[in-house]
Every structure is written in C-alpha cells, then in structure tokens.
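Each of the next two complexes has subunit A plus one more chain, namely subunit B in the first and subunit C in the second.
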Partner chain A sequence: MIRLLLSLLFGGVTALLLAFLQSTTPSYAILSRTFSVKVAKVLRTKTIAFAPYGKSIERQTEGVWLIVSVELQSNYDTMTIQAAAIEGASGRLYRQSHRADGAPRLMPSKDLQPGLPTTGIFIFELPEGETSDMTLVLSRQPSPQLDSEIRVKLDGASVETRDRVEIGANGV
Partner chain B sequence: MAQVKPGKPVDAGQWMVTLNSSGIATETPDGRRVPDGKKALTLDLTLENMTAESSNLYRDALKLENVANPPVPQFYLVRDSDLLWDLQPMMPEKVKVVWQLPATQALPKALSVVIVGTTYKPKDNLYAAPGWFNPSDVARISLPLSVSQGAGP
Partner chain C sequence: MASRRERRFWWASLASLPVLLAANYAIDAWRNAEDYVGRNELRVSGSVDGQTYAKASWTLNQARLIGDGRDGKITFPGQMRLVVVRLAAKAEDDVGQSWTQCSLTLTDPKGRRWQPLNFILSNDLSRDLDPKATPIDGCDAISRQPPAKGASTIMEEKFVVPADAVPSLSAQLSFASTRPDAISFPLRLN
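On to the complex of A and B.
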C-alpha cells in the first residue's frame, strides 16, 4: 500500500517538475536535435540597400528579395548554419543570395553558442510567383542530411511588403 | 552539332544559354583595369538556370574553339557590375565572361564558341540521387569579334 502511494507521489512530483521545466523553456517554433529556430519577421522588397565598408550598395531584382529575420539557438555546442534556402511554390530551391554578401547581421556569418539565442537575417532572391507558398529550410550541414534540417512553413499573410529595405546594424 | 546564330537561345540542359556578342576590353566589368601586357576577351550572354535549385555550375557550359590556351574565365553579373555567384532558377540574367589573354596573342575575326550541355538523370548510378551528367557539345556559335573596342596594347 505504502509502496503504491509512494510511486503515485513520485509520479505526481515528476509530472510537476516536467511541467515547470517546460514552462521555463522558450517557446521556439521549431526544434531539431541540434538547434532551434523562431521566425520573427518576413519582408518582401524590390530593392535592398546596405553599406559594407562604408560604401552604400543597392541591389535590384527582377523577382523579389525576401528577408527572413530569425532567432536561432544551438542546443549542445557552438555551431553555424551552413545552409539556408527557400523552397518556393514550384518546389524549386532558392539558396541564400551571394548578391547580398556583406550586409550586416547576416546569419551565416555568426556563430551560435549553446544557451545564447542569436538573432540575424537571411536574404533570398526569387521570382514573384514562388512567393505564394514558401518553406524556409535551414541546415547545420551544407547539404542537409537526416536530423540537422529544419523546415518552417512561412505564413503568406504575415509577409510584409516594402518598396525598399535598408539593412542596417540594427536589423530591418 | 547545330550551328546557331547569335541571340538565339540554346537549351543546354542545366542552362538556357543565349550568346549575344563578343569584344575586347581594357577594363573588366567591375571597373578594374586589365593588368599591363594583357587584354580582356569578353563574351556577352544571357544565362538561365533550368534546374530545380540555385547553381553556379555554369563554367563548363562554354568552350572557346579557336583561341589558343584560353585561361579559366571570370564570370560577371552585368546588373551588379560584380562577380557572378549563384544563378537562381527561373531568373535569367545578363552575364559577361572575361578571359584575360596576353596582349600580343592574335585573335580570330570571328570567335567560335561551343555550348556544352548536360542531361538530367533522376537517379544516378552511385547514390540514386538526381543530377546532371554526360556533358556533350550542343551547339556552335560564331560571333564576330569587334576589334575596334580599344584593342590597343
């Protein structure tokens, strides 16, 4: 009898403890074994501007620029995001644009430290038609393999459209 | 192999290639001077990525036939006047290719360019992964080389 009560008590305490731990965990949208991501903001624009080394650069596109602002966290060790892409409505994969290299706050240039949420942006260039249905694909390895890939469906309604986006040190 | 006129798109598997013109320049498209003792052979084209993902595998799509020992060319994105990296699917761009040759090298009146195409395999023999294989010459294009564009040594 005592043993039964004890095991019930133990079960209850465990449940409470786990509930407490869960409540103190940040509500990340998506978790993988090695890292987690929360999409903060998605911007669409025709023109981006930034100033690497003090000289202003403007980049136009025939399609649209997509700027995805994220918060990332590593679970165990120091890591970087090696690959990021948008899967468009047609299923084609649009990798991060090198045309925006040198823009401030670009995520690939940052280390993720375990326990330290890090914010930054990814910049993609894609045809307008692809933006009706988009999935953000992030991976710890250059080409996604098994558990290190996270896919986030981007909600079309929450995408903000602007004529021109200036990418400064404080984000977009 | 098909002989194609300049300005006509050629389906090369991974790439839709349209060769427009060629010339000789003393500056690269990013505004840098070509080093002394060299000249820049340029080729203007439109490239479209026909594959399912961003790619920079366009270097093997072009071959110069009648220029001796061409060096590895540099590709520039005309829109940015800067180096070309990836091309995104379904987004054709104007591209300039530059070969830096010795200033004394004799060049033909018309440049003969061969476009090399690849074929899609849904499953390759090793990993059963999709890919583009078997490069083969698809088309030959003859481009008049306008020597008037600052060809001086």
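On to the complex of A and C.
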C-alpha cells in the first residue's frame, strides 16, 4: 500500500515538474536537431516600403503585413530555410508573401553557415482576424517535416503595430 | 460460382502477396541504401602524397584565411571569416566521367560541414581580392572539363566559417564515382 502511494506521489511530482519546465520554456529561442531560431521582433502594419533596385516601392494590404525579424543558426550543415509560414488563429497556414519579393534582408535568400548566427526577416500577408493567435512555422524542407520543422508561438503582447514600416538594408 | 482453377489462382495470389510485399520492401530498402551510400562520405581517409583518387593525384595547393586582418588586411565583423581553398590535381589516367558530382567541403571535428559559396559570389570575391587575377573555377566547373591524362589543373572554392572553427578545419573531397570514400586535407590555418 505504501509502495503504491509512493509511486503515485512520485508520478505526481514528476508531472508537476515537467509542467513547470514546459511553462517556463521561452518561446523565442527554439532548437531543432538541424537549426535554431530566436525571434527578435514582430511588427504589424498596413503599409510596407522598400527600395529593391534604388526605386522605392510601397505595398498596402486590406489585411495586415506581419514582419518577423529573426536570428537563425544552423547546427551542422550549410543550409537555407526552404519554407516559412504563419499559422493563424483559424489554423490556416499563410506562406511568405511574394508581394514583398526583393525586400532587403529577406531570410530565404540567405545561406545559414554552421556556427554563424544570421539575422533577417520573413514577411507575411494575412487577414487581421488571424493575428490574435499566431505561430511561426519554419522548415529546412520545402514541406515541413518532422525534426527539420520549428514552431514558435508568437506572443500577442510583443507584436508592435505601426502605420507604415520601411524595410532598409539593416532590416526593420 | 468460381471454378476450381480460379479458386486455385485466387489462393496462389493471396499466398504470394506477403512474398511480393516483402520483396518490394527489400528492393526499395536496397535502392535507398545505395542512394544513401552514393550521397554521403562515410569513409574519410587522409590524403597521402602519390595516392591516386578518382584517377588523379591531389595536393593542397593553397589555403588562405581572410577576415582577421592578417591576410590582405581585411577584417570581417564578429566571428565571420573567409577561407579560400585551392587544390591541384594531376590526371594519372583518362578521367572521363570520374569527377561528376564533385563535392569539396570544409569539416571540423565537431561534425560541422560548410558548403562552398556559389560561383557568382565566389568570382565577385576573387575580383575584390585581386582585380587583375582571373578567377579560378570551382570543383563543379572543373569536373565538367577535366584535364587530359598527364595534364594538371587547379580548382578553388571559398567558404564562410566561424573563427573558432578555423584551426581545426579540413577540406574534404569526393565524387559520385568514389563515394562513400572521401579524402581529407587538414588546412592547418592558425
């Protein structure tokens, strides 16, 4: 009887400890076997502006632009991030917008070299209602697969809203 | 109602299903294993002078470390360094297709592997480092036009690596015809 009670107590304490560890894990620094990501800044705006070839371009949206500034690091091999998406409040996945192609410091165009953290941005366009609960999904493969995928819950309180965001050579 | 012959065929088909599935699984596994072995460098040996590999003898012609201010007085931000590796090869036989799918990478003892920069960036850097010099082709370009028997050639690749990895880097060379075997050249950069 005592042995049974001790086992139950031990199981309960272990479960509590694991729940505590899970709740205190920061969402901004996530590791996978192949790469790691740290979300530095998340901006929400109606208008983005950038100058790909010296000529200024301004893009507006009826939804919102979401600009996610990240620091990425490859663990073993030279690699690129092949797929990035935002999972919105409805569960739909929004891949990167091609309307922002040519913006400086876009992450997909960069090689990640092992041991060298690389900073850059991802740009998404999504309906406003989806921004109440968002998860950033990054993958080494074109389609997210098992250990090459990282999911980062974006904390709504840390999302900064601006009227217009200018994307320069140094990012946002 | 099915005839006796049909019933016999039906049972024979059913009985052969597990055998066929197992055979299919084994053939797929064999093909995947072959593919894995053909893509990965599983056996790496140090390069020995005079040793023939992929029908040529190979030597490390040059290894340059750029970015810490000592070579070319160029300094790169933070931990970033540029390593330029030049290999010389002398064809000991008719190379033919032996150099296809050439792979020249840098590795360190922690198991990290750096791929070379793409040829556009590599050529731009060559011109920045020495505007008068003609950029030297990389592994992939040379493999399409290998030297004739008895002739020699040089290939060059550039890599971006962190400073802490520099002292322990090795260049690793392999081809589709030689994998899973690869040869390694310690760079001894300090």
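Assume the second predicted complex is superposed on the first by the 144 of 172 C-alpha atoms of A that agree within 3 Å, B and C clash if a C-alpha of one lies under 4 Å from a C-alpha of the other, contacts with A are read in each partner's own complex, and residues count from 1 in each chain.
Heads up, the rule we're going with is that a contact is a pair of C-beta atoms (placed from the backbone, for glycine too) under 8 Å apart; a residue touches a chain by one contact, two chains touch by 3 or more.
Please read all numbers here as calculations on a predicted model, not as lab measurements.
**Student:** Going by the contact rule set out at the top, does A:76 touch subunit B (first), subunit C (second), both, or neither?
**Tutor:** In the superposed model, A:76 contacts subunit C only, not subunit B.
**Student:** In the overlay, answer first, second, both or neither for which of subunit B and subunit C A:60 touches.
**Tutor:** After superposing on A, A:60 lies in contact with subunit B but is clear of subunit C.
**Student:** Tell me which partner A:13 touches in the superposition: subunit B (first), subunit C (second), both or neither.
**Tutor:** In the superposed model, A:13 contacts neither subunit B nor subunit C.
**Student:** Specify the partner with more touching residues on subunit A, choosing between subunit B and subunit C.
**Tutor:** If we count touched residues of subunit A for both partners, the winner is B.
**Student:** Could you tell me if A:85 is touching subunit B, subunit C, both of them or neither one (first, second, both, neither)?
**Tutor:** first
**Student:** Would you sort A:114 into first (subunit B), second (subunit C), both or neither based on which partner it touches?
**Tutor:** The answer is second: A:114 touches subunit C but not subunit B.
**Student:** Could you please specify the touching residues of subunit A with respect to subunit C in the complex?
**Tutor:** Spelled out, the residues of subunit A in touch with subunit C are 75-78, 111, 113-116.
**Student:** Applying the document's contact rule, which stretches of subunit A touch subunit B when the two form their complex?
**Tutor:** Within the complex, subunit A touches subunit B at residues 59-63, 85, 90-95, 97-99, 101, 125-127, 130.
**Student:** Mind listing the subunit C positions that touch subunit A in their complex?
**Tutor:** It is residues 78-80, 111-115, 117, 160-162, 164-165 of subunit C that touch subunit A.
**Student:** Per the contact definition, I'd like the list of subunit B residues that touch subunit A in the complex.
**Tutor:** 52-54, 77, 79-80, 82, 85-86, 88-91
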